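Each of the next two complexes has subunit A plus one more chain, namely subunit B in the first and subunit C in the second.
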Partner chain A sequence: MKHVLVWLSVLYLLTGCGFKDIDKRYLVMAIGVDKSEIKEKPYHVSLKLAIPTSQIQPGQSNTFHLISDDASTMTEAVRHLKSKVDKELDFSQTKMIVFGKKLGEERLDKVTIDWFLRRPEIQGIAFMALGYPSAEQVLNVRPKSERLPADSLIMSFDQEGTESSYIVTEFLFDFHRRLSEKGLDPYLPIIRPLKDTYLIDQVAIFDKEKIKAILNPEETRIFNELSKKIRNFDIETKTDKAQFALNVSSFGYSYDFDERNDSAPKLTMNVRIRGISEESKQSFYHSQWNRYKEEAETETAKRYLHVLRKLQSLKVDPIGFGLRYRATHYHGDKDWEKWKDIYPRLDWNIKVNIDLIGSGGVK
Partner chain B sequence: MSRYFFYFVTLSMLINAILFVPRILMDERYDGAILSMILGPIIGGIFMYIFTSSMLKFRGQGLPEILKQSLPKTISIPLLLLLGSVSFISGALVLINYSFIVSRYLIPKTPIYIPLILFVMVASFGALQSTKTVLYSTELILVLSLPLLLFSIFKAYTNQNMNFDEVRAMIDYTWILPSWKSLSVSTYAVTGYISLAIFNRAFTGVQTIQHRWAVPCLGFCILLTAFFVPIGILGTDGVNDYIFTWVATADAVRMKYAFIERVVYIFLLIYLGISYLFAMTTWHVGSEMISGCLPGHHANTSAVNSVLPNAICCAVFGIGTVIVGNWLGEDDLFTVSSYWMMIRSPIDIVIVLSVFMLSKWRKTL
Partner chain C sequence: MQDFNLKNYIQGLAHAGDLVTRKLNLNEETAHLVYLSTMCDSAKIHRTIVHSFIESHNLSAFKAVLKTMPGYVHIQDNDRLADKLIQGYALLFLPHETCAIEVKNPPTSKPQEATIEYVLQGPQIAFSEDIATNIQMIRTRYPLQDLQVAYMKIGTVSQTQLAMIYDKSKVDDDVLLRLENKLMQIDAEVVQASNQVQMLITKRFNLLPTAMVSERPDRVVFNLSKGKVVLILNGTPFAIIVPAVFYDFMASMDDIYDIPWFARPLMILRYIGAFLTTSLPALYVATVSYNPEIFRAQLAIEIAGSRAAVPYPSFYEVFFMLFLIEALTEASIRLPKYIGSMATTVGGLILGQAAQMAGLVSSIMIIVASVVAISNFMIPINTMNFALRVIKFPLVVMAIFFGLTGVLTGLFCFLIYAVSLRSFGRPYLKLFIGEAKKSR
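So, the complex of A and B:
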C-alpha cells in the first residue's frame, strides 16, 4: 500500500507536461528565409510542412504544405505562421535551412542565423544552402522520386544517395564556426530549382558578412576537393597531345609555408592523386604513358592555381590556409596580423603527382 | 575493493569536466586556461596522494568517527556539518545544471521544477542506501554508460568536422599564468577522492590503493578532451557563443549509420545516468557526514535511528535544491558554480591537511 501511494504521488507530478500527440503536430522539414520587399519586415520565412501519408511511395508520399510570411524577426514570423496552420509546428525534424540569394548578397551573418542556433530543437547538423533565385522557390519543388518531403535535398547533401563532386555540404554549426573563426571563411552551396528536380553545382563564398563571389561549377568542384578532400571526382585532360579522363580513387594533399624570403612568401602544395582512366581518345598501352601523366599533372595544377588565385584576389579564405598558418606558428595574435599581410601577396607553388594505376577495361 | 576508488574519482571528473569546466575555462581560454589544466591535475594528484594514504591508515573508519575520536566536539561537529553541506551542494549543483539541460533540450515546455523534483527523489533514494550498495551501483552504471560515452567521444575526435588546426592554434596560448578561478576549476575536476572520507568505511581490507598515478593522468586526459574537442568542432571563437558547450558539441556530431543520427540524445542519456550517480554518491557522503554528528549514530544499519537522520538530511537538502533550482536563472547558475568552485578548493585543502595531521598525530600517540 505504501508503494502504491508513493507511485500515485509520482504520477500526479507528470500531469503538467505540455505533451502533444503526433497527429497534432506538423513536422517542419525545411525552412527557407528570403529577403522580403517590405522594409519594416525584412524576413520572408517559408516553412515546408510534411503532410503524413499512410504509405510511403516515391513521388506520391512527398505531399507538403508550404506556408510563408513576412516579419521583422524570425520569431515573429514563426509565431504568425502558427496562426496559418491547425497543428503545432515541430522543428525537431528540420534538416534543411535555405537562405535566399538576395539575403546572402545583402547580409548573412550571426544575427541572421541566431534564431536557428538558439532554438534547441533545431539540429546543429542541419544542412545549410543558398536558394537561387529564392529559398521559397527551392522549397516549392516536388521531385518525382522523392519519398518524403525535402528528402531529396537531404539525400543530396548527405552524400549518402548521390555522391556528386559538385555538391558542397555545409552544416549549421560549421557555418557558425566559420563566421567567427580567423582564417576560415564561410561558404554555402547554391540550389537552383529545375522543373522537377534541383541543380546543386555552385558554391557561394562569403566573407564574414555577405557573398563575395559565386564559383562556377568547375571551380566549385576544385573547391570541394580542396576543402573537403572528397575522392569521387574526375580529372579531364584536354590538350593538343592528349585527351582523356581519369576517375580518381584516392586524393590527398599537404602544404607548408615557405617564408625564407620575406618579401615573397610561398605556399608549397603537394597533391597526390591515384586514378584509373575512364575515357580516352588514344590507346594507353604501348605509348608514352608517362607523358600523358605529365600532361594531366600540369593541367590539374593549373586548375588548382586558378581557383586559389581567385580566392586570394577576393581576399577570402574558405579552405583555411590562414587557420593553418595560425596553427603552425606560435605567436598567438601576432600570427593573424602577419597572415593578413602575407595572404594577398602569397605565391603558390603547386605540385601534382598523379599515379595512373590502370587504363580501365580496354587498352 | 580498491577499484571502487577509481569509480567515484572518474565519476566526478566526468561530471565536472563536461558540465562546468568547459563553460568556465572557455571564458579564459586565451588567459591561461590551458596551463591551469596542466597544473590542476598535478595539484589535485598531490592532495589525492596525501589524503588517500592518510585515510587508509584509519582502517574501515569514516571521517566522522576519526574526527570524533581525536577532536573535541566543539570543533568536530561544525566541521562535519560544513563538510556535509559542501558535499550536498556539489551534488545539488549538478542536478540543477542537468535539469536546466533537460528542460532546454528534452522537455522544453515543462517547468524546471518537475524534472528537478524527480531527480531529487531518485538521488535521495539512492543516497539512503548503505555505503556498499552505493559503491556497487557506481560500478554498474559506469560499466553501462562508459562504453557509449567513450564511443561518442571517439566519434567526436574522428569526425571530419573536427578541425585540429583550431586545436593547434589554441596551443599558442599555453604559457600564460592561469587565474585563481581557472586553476581552482581545473583542480576541482580531480577532487572526487574526497568521497573516500565516507567510503573508507567499506575499504576495510585495503592496504593501499594501487595505480594512483592514473588519477592525475586520467584527469588530464578528460580535461583536455573536454576543452579541446569543443574548440575543434565549434571553433576557437565560435565556441564562446554556446552556453552548454558539450551539448552543442554533441549536437554537431552525427553518426550516419548508428541507431540514432543525433549524438546529442545519446549523450544526454548517458549524462542522465552519470549525473544521477554523482548526486547519489555526494548526497550519500553528505548525509553520512551530517548524521555522523549525532551521538550514538551507527552507519550502514537498517535501524530507524540510522536511516532517519540521513532521510531528513536528504529531504531538507532536496527541498532546498528544488527551491534554489527554480529560483536560479541560467546566468546565475554559472556565476554560482564558478564561485562555488573557488570556495570549494580551499575547503578541500583544509580537509586533506587536517586528515593528514590527524594520521600523523595518531601514530605518535
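So, the complex of A and C:
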C-alpha cells in the first residue's frame, strides 16, 4: 500500500504537457498552402480554425477564424501561427488540405507534403485538393448551408453527402503513394470558390513533380469513371439518329495487354455498363433497343478513347496501366523500362458493352 | 432434590428477568421446569410438557412420555445447560437426570417478495430470515435424496447457525474441502450477514467478489443442480453460493426463463453496461483532454463549445459528477422509503440542466454521468455492482495522467487481475460454452 502511494505521488509530478482540455485547443479544420510573393519565404500557409459552438445550426455554427503566415518551411509557418492565437493548435480534426494552383504548377512533390505525413495527428485519410485561384480564397468561403467550418468541403469529397461524378476524391496517403509509385501518377481535384459555395468539377493531372494538365469537366468525369470505377454517372448519346441519356447502375471494366505484335502493342479494354434510359427524345417502347444501344456504345468508346489518348500524349498515367503492366510481368526494372517505351505508342482497343435494362418509363 | 439450586446449573442466567421456573410435584417427587419466556412458546409448553405431566401417574411414566416428544434431548453434560436455554429449550430437572425439550417460538420471519434481484416473470418469493424456512424452500424445490444439509455454527460469540447445502452426487469434493477449511478458520466474533460470510470465506480485499450472495431460491436451486455449494446463514434472507465466477454475476435468472431472441441481446447489453459503467468517465477525460481526434469533427466542436463555460479541467467535472451520482445512490439507499423520493427529485434537478447552466459541467458530462449510473444498475448481482462502481475511479486517475493509453493499460491490468483470480480453485473468467443446454 505504501508503494502504491509513493508511486501515485510520483505520477502526480508527471502530468506533463499532454493534458490539454478540448476547449483550450483550436481545432484546425483545413490547411491551405499557397505560393507566397516573398522569395525567401515561399510557403503561404493558411489555417481554418473552428470557433466552437455548443449548438450546431446550419449556416450559423460554421464560424471560423482564418490565419495565415509566410515562412520558409511548413514547420516554421505553423510555429509562427501559434503566436497569433490564444489556444493550442490541434490538427487532429484536419481533414482538408488545399494547395494553391500556383504552387502546383511550380512544384508539388514529396518535399511539400512531407510535413503533413510526419505530423502524427494529421490523418492519412485527409482529403487533398488544389485551390484556384488560391488555397486561401477557397478556405475563406463560408457556404450558407454549412454546419461546421470546412464541413461542406469534407462532405463533397467523402461520398457521404453529395455523390457527384465530377468530384474526384484524393487522399493524402494515396497522393503520397502516387508520388513514388512507378506507373501510377498523382492527380488532385480543383476547387473553385463561387459566391457562398464551391465548384469542384476539374482535375489536375500531375507527373511526379508538378501539374501536367487540367482536364475539363467532361474529361474529369470520364477520368473519374476510369480511375475510381464510380457508378453514379450518366451517359449522354447525341447523334443524328438518337438522342438519349442513360443512368448507369453498374459499371466495370477489365483490360489486357496484347504484345504479340512487338511493333504495335495494344491494350484491349472491355467496358460493361448496365443502365436505364433517363431522358430521351424518342419513345423507347417498341423501337429497336439494339440500335440505340449500339449508338451509345460507339459514343461512349469514343469518349474513353479521347481521355486515354490525352493522358497518353501527356506521358502521365494516373489510371495505373503501368503499375498493372509491372505487376503482370516478371523482370522488375527491365519491364518498367520496356513500359516507358511501349506507353507512348500504345494502341487502344476499347469495347463498350451496354446493357439497357429498362426504358425508364411507365407505359 | 430438596435443595434444588438453579445457580449450580446456570450461573449467568439465574437472575435473568425472563427466566421462568416451575416446580412440578407428583407423588412426593419434584421436577423443575426452567425456560426463558422470551424464547419459548408458552402454549406449546403447556400443551406438551405440563399437560403430559398432569396426566402421568408417576415420574417414570412422565419420563417415557417426554422421550417420545419431538425435540427431546437427554442432557449428559451440565455445562452447556445455559446455551440450551438460550436456544429456546425448556429444561426439566428430574431427580437423577436432566433433559431438554425444544419449545421454541415459531419464526416470525416469513418469505418476502424478491426486491433486490427482481425478475419479471419467474418465481417472485425470496428467502426468509429463518434458516429452517429457507431449507424447507430448497428441499421443496430440489426434492432429491442426494441433497445434503450440514449444520454448523460460526461466530465465536454470536454462534450463528449456518447450513451447508449441496448435491452429493454433483458437488466437487475439492471445492467442498476448501470451503470447509475456510469455514473452520473463521474467527470473527459476531457474524450476522451473508455478505460478511462471503468476505470471511474469500479474501477480504478482493476487488471482485468470488462468492455470490443471492436472495432468490430459484437461483440457489439452479446452482445446486450445477454442483455448487450453498451456505445459508440464520437471520438473513440471503444465501451464499460458491464457487462463483464473473459470468455468474452477470447472469440473471431471466436468461433461462425468456426466449433467446430476447435474453441474449439483454445479456450482451449487460456486458456493454458493465464496460460503460467502469470506463466511460475515464474515456471522457482521456478523449476530451488528450485525444480529441477520436471524435468526429462535429462532436469535437460541440464538446469544445459546451465545455467553454466550464472553468475547470475535465477531471474536476468528472469527479464532481461522479461524486453527485455516488452520493445520490448512497442517499437513496439510506433514506427511509417515505422521503426517498426527495433524493431523486433533488438529484434530478442537479443532474439535469442546473449543473450545466451553472457552468460547472458540460452538457456531455451529464450524459456520461447518467450512462454510468444507469448502466451500473443493469448488473444483476449487487456485490458485482459495487465492485464495478469502485473500479471506475482508478481508471479515471489513469486517464488523467496518461490519456487513452492509461485507460487501456488500466483496463488491461484489471483484466489480468480478473484472470488471476480463483474462486475456490475455479478460474474466475471461465466461460461455460455449451453448458446452458441442460438448463433449458
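Keep this in mind: the second predicted complex is superposed on the first by the 349 of 363 C-alpha atoms of A that agree within 3 Å, B and C clash if a C-alpha of one lies under 4 Å from a C-alpha of the other, contacts with A are read in each partner's own complex, and residues count from 1 in each chain.
To be clear about the criterion, a residue touches a chain if its C-beta (ideal position, glycine included) is under 8 Å from a C-beta of that chain, and two chains touch if they have at least 3 such contacts.
Please read these numbers as outputs of a predicted model, since none were measured by experiment.
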Q. If subunit A is used to align the two complexes, do subunit B and subunit C fit next to each other or clash?
A. fit
Q. Can A:D90 be said to touch subunit B (first), subunit C (second), both, or neither?
A. second
Q.
Quick check for you: in the superposed arrangement, does A:D174 touch first (subunit B), second (subunit C), both or neither?
A. first
Q) Should A:E121 be classified as contacting the first partner (subunit B), the second (subunit C), both, or neither? A) both
Q: Just the number, please: smallest Cα separation between subunit B and subunit C in the overlaid arrangement, in Å.
A: 5
**Q.** Doubly contacted residues of subunit A, that is, touched by subunit B and again by subunit C
**A.** 14, 18, 121, 123
Q) Which bits of subunit A are touching subunit B when the two form their complex? A) 10, 13-14, 16-18, 110, 117, 120-121, 123-125, 158, 160, 171, 173-174, 176-182, 184, 228, 320, 323-324, 326-332, 335
Q: Write out the stretch or stretches of subunit B touching subunit A in their complex.
A: 104-105, 107-111, 114, 117-118, 121, 160-161, 163-169, 171-173, 233-238, 241, 248, 251-254, 256, 261-262, 264
Q | subunit C-facing residues of subunit A, complex | A | 8, 11-12, 14-15, 18-23, 25, 27, 29, 50, 52-56, 61, 90, 92-93, 95, 121, 123, 147-148, 151, 154
Q.
Applying the document's contact rule, which stretches of subunit C touch subunit A when the two form their complex?
A. 288-293, 295, 297-298, 300-308, 310, 313-314, 363, 397, 400-403
